[in-house]
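Both of the next two complexes hold chain A, though its partner changes from chain B to chain C.
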Partner chain A sequence: MLDYLIHLAAEFIILSMLTLCLDIIIGFVGYLNLGHVAFWAIGSYTYALLMLHGVPFFVSMVAAGVVAGIAGFLIGLPTLRLKGHYIAIATLGFMYITGAFLSNLTDVTRGPLGLPGIPRPTIFGFYFGSDFLFLGLTVAISLVVALLIYKILHSPFGKILETIREDEVAAKALGKNTFGYKLQANVVSAFFVGIMSALSASFFQYIGPTDFEVPRMIFFLAALMIGGAGSFWGGLLGAVVILGLEECTRFIALPPNAIGPIRTMIYAVILIAVMLYKPNGILGKKIKAFDR
Partner chain B sequence: MADVIQVQNLYKSFGGLKAIDHCSFSVEEKSITGLIGPNGAGKTTMFDLINGLMLADGGHVLIKGHNVTRWPTHQRARLGIARTFQAIRIFPQLTALTNVMVAFRDHPEKLWQSFLPLKKKRKNLEERAMEFLEKVGISEKAHLPAGELSYGQQKLLEIARCMATDADVFLLDEPAAGVNPTLLNTIKNLILDLHGNGKTLFIVEHNMPFLMSIAQKIIVMNFGRELAIGTPKEIQNNPHVLEAYLGKAKGWI
Partner chain C sequence: MLEILPQVIWYSLVASAIYTLVAIGLTMTFGVLGFINFAHGEMAMLGAYLLLAFWVMLKWPFWPAFTLVVILMVIFGVLLEKFTFKPVRKSHPFKPLIISIGVSAFLQSVVVLIFGAGVTSYFQDGQQAAQTFSFLNGDFVVTDHQILLMAISVILLIALALFLKYSKTGKAMRAVADNPQVAAILGINVDRTVSIIFALGTALAAIGGMLIAGEQNLTPTMGLSLSIYGFSAVVLGGVGNVWGALVGALIIGFLENFLTAFTALPPNYNSAIVFLLLIIMLMVRPNGILGARAEAEVRK
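Coming up: the complex of A and B.
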């Protein structure tokens, strides 16, 4: 039971943090970025390949952040000039392209087989092999990342991002280089996704191309809508709510073949309820991209 | 006096529609200049071309001597040109105070500045933003989300935000539209106050008595080009202007 809870806690934290990274773009800049899981994929593969080649943990983690950040910069250059739902379509394309590379660059990624046996980190000779120790490491790194994101979102820089969400034309007319701020936000979001992917890859110890597809993206979007986009705590809360409800289904005696569909139904029911009764999520702000 | 805005042979079309058709005029420094014309004459398009929300297809826009025709909006704004919008553009979910604070030139908004202790700076910004809200008379609403303010208060907030950018040229798009007489008076006094402080105001307006009472020069546009330029008195007696607004007289009946 304790092992189960430890495992669960680490999963909750990692997925909450990844949702928080998405919140920077959707909740604060107000751009519907569907390429989020592609940054996660890029970070995860970078980290996993480096770790499998014996590169030290911190180097691999920072490299994952930097490579994902560069991807955020490059994909931001064309897509952040788009408006409204066009950016959603363009970033969705980015996700599919990334997936196609992962599946077909078999020499590097082993294609659909994925990368198994990603080691848990060793820091200064100390091996974080057990779930319990790894949870400790996850908490420590997540706290640092969350604090940095908190600082950024509640700074004057964060306020400028919010003006873009509220009215980009007005922000431009006030002399704000909105494209520059959007690009910086995209890089920041992708960088932290890259950092967190180090934890997720070492935690699950396996990654494959199917881990970074549409269903995952829908999970993050649902989590953000439920927790509330445009709020720091909302970004963290949503994933906990969904995963919590999902775990509850474990304790109901159900035939095994019914569990999958029932979980999907739970998503759907929560999402519909949120959209009807709490369109801004539990803690969030009004986001035009989510508008009814 | 020097011209702060010069529009030279400007041209802009949307498909087959010539929205701005080789239009030229200038706005003098420290003046109140009005821009009038029938609906669809191209007034708001002209504002968009001047502040860069649209790019011209031909001709030039000069601001303070810089040829800004191809410049993006934010760079033009940094030359000291601020604008209000016909349909109000505030940041509705941010407080009125924040709406003004983000407009300051010294707002510490660089990414790396997120990690600095900025308590003192923030307090200073808040105090200065409060002064602007007091100036336009909505300081008691400072901590409300701007979207919860009344229409008139939002208009005043938009002007306060422009003032906070430290601009010396103000483009006001229909400041008197949809406001009651009391508020109209407040807005008029704000405009005269800005003018008294050496600012340039370029105003699109349909309320003629209001505009005629404050402007020194009026530019009339019709079908995307300047139809007449002159003092309010000259404009009022210009037969072309009367024709544009009221239609051509078909002889005496």
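Coming up: the complex of A and C.
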């Protein structure tokens, strides 16, 4: 039972942190990025490939962050100039392009087989092999990342992002280079996703192209919306709520091949219900895009 | 190389016909309601699976099954709009968009639960295999199903174009698309018009889904990729314009099949290339090829 709780705690923390990263771009900048899981995929594969080739943990983790950040920069350049719903379709296309490369570059990624046996980290000769020790490492790194994100979102930079979300024309009229700020926010969000993907890849110890497809995207979107977009704590809370509901289904006897679709159905129903009846989520602020 | 050209062109046309049927519904909802309906492709997927249930599993004759699927899907499409999209019609387009993603995921999971996640086909036993006609010393082969598919698509497209242009309802639809408030003031029933748009769009998507399932295979994920192909066609051709949807669908259909036939690029990259084209198009000419709307609609 304790093992189960420790495992669960680590999973909750990692997925909450990834939702928080999505919150930066959807909640604070107000850009509906549907291809966010592609950053996670890019970070995870970078990290896993480096770790499998014996590169030290911190180097791999930072490399995952940097590569994901570069991806955020490159995809931000063409898409961040687009208006609301066009960015949704363009970023979704980005997710499909990433997926196509992951399943077709079989020499590097092993294609649909995925990468098994991703090692748990060893730091200065200390091996974080057990779930308990790994939970400790997860808590430590997540606290640092969460603190950094909190500082960034509550700095003047974060205020400018919120201004862009509420009224981009006004932000421009105040002399702000809105595109530059949006690009920076996209890179920051992707970078932290890359950092967190190091933890997720080492935690699950396996990644495959199907981990980074639509069901995951729905999960993060539902988590963010129920938690409340545009709020730091809302971003963290949403994943906990949804995973909590998901864990409840574990105790109902379901045939194994029905679990996946039923979980996706839960996410989908939550997503629809939240958007229809409580578009600001539990902790969300009043956001123009979701409030009217 | 050249001797396979007629065959490749034919395949391109067949693919384009399906993308057009899906894209028309998308372009109508996008033009009138102003949001991207990600659940639209699922109407095609659902139609295809319902036909599998009635025609293949229950062994009903083809045409009654086909008609029943269209009727059921029209009812479903109208009800779906009433319960999910109508409450948020006046909201920011993000809300209906996110809801449509939820609907899409929900329908996909329902189909996975009932029919399984794997690939299925209408012709698993091979006994219903299509009749083929070959021309040009066998270099150009056409199946009866492909001819049926092309005929249905062309007839539907012409009928729809005439309907939108000349019928009273079609004019009302264009009026609502242009300005819902003014249309309402002029006595056009906006709710009814939106319902008709959803009924028409769903019917076309369901027919497209059933036809493409006879040509390819059925997978629960086919709907979302059809949505994205359809929307790419809409953007390429020009938003809110039926002929734009046709032009965009032709570009995608031809691009896809010519890349597969004449380049060494593995076909798995097809969708990636379509999306790359979409992103480039949004950058370069966001109005689409036939689009007349101002660029400000797309870019800031």
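One rule holds for everything that comes next: the second predicted complex is superposed on the first by the 266 of 292 C-alpha atoms of A that agree within 3 Å, B and C clash if a C-alpha of one lies under 4 Å from a C-alpha of the other, contacts with A are read in each partner's own complex, and residues count from 1 in each chain.
Everything below uses one rule, namely that a contact is a pair of C-beta atoms (placed from the backbone, for glycine too) under 8 Å apart; a residue touches a chain by one contact, two chains touch by 3 or more.
Bear in mind that the values here come from a model prediction, so they are computed numbers and not experimental data.
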*In the overlay, answer first, second, both or neither for which of chain B and chain C A:160 touches.*
first
*Is A:82 in contact with chain B, with chain C, with both, or with neither (first, second, both, neither)?*
second
*Answer with first, second, both or neither: which of chain B and chain C does A:113 touch in the superposed model?*
neither
*Go through the superposed model and pick first if A:34 touches only chain B, second if only chain C, both, or neither.*
second
*Who does A:140 touch here: chain B (first), chain C (second), both, or neither?*
neither
*asked:* Tell me the contact category for A:123 with respect to chain B and chain C: first, second, both or neither.
replied: neither
_Residue contacts with chain A in the superposition, chain B compared against chain C_ = C
*Should A:261 be classified as contacting the first partner (chain B), the second (chain C), both, or neither?*
second
_Partner chain in contact with A:225 - chain B first, chain C second, else both or neither_ = second
*State which residues of chain A lie in both footprints, the one left by chain B and the one left by chain C.*
178
*Under the touch definition given earlier, write down the residues of chain C that touch chain A in their complex.*
35-36, 84, 87-88, 90-95, 97-99, 101-106, 108-110, 112-113, 116-117, 221, 224-225, 228, 231-232, 235, 266, 268-269, 271-272, 275-276, 278-280, 282-283, 286, 297-300
_Parts of chain B lying in touch with chain A, wherever the complex brings them together_ = 51-53, 72-75, 77-78, 82-83, 85, 89-94, 98, 101-103, 105, 107-111, 113-115, 118, 122, 161, 165
*Which chain A residues qualify as touching chain C in the complex?*
32, 34, 78-79, 81-86, 88-90, 92-94, 96-97, 100-101, 103-104, 168, 178, 214-215, 218, 221-222, 225, 257-258, 260-262, 264-265, 267-269, 271-272, 275-276, 279, 288-290, 292
*asked:* Please output the residues of chain A touching chain B within their complex, sorted ascending.
replied: 148, 151-152, 155-160, 162-163, 166-167, 169-178, 181, 184, 188, 230, 285-286
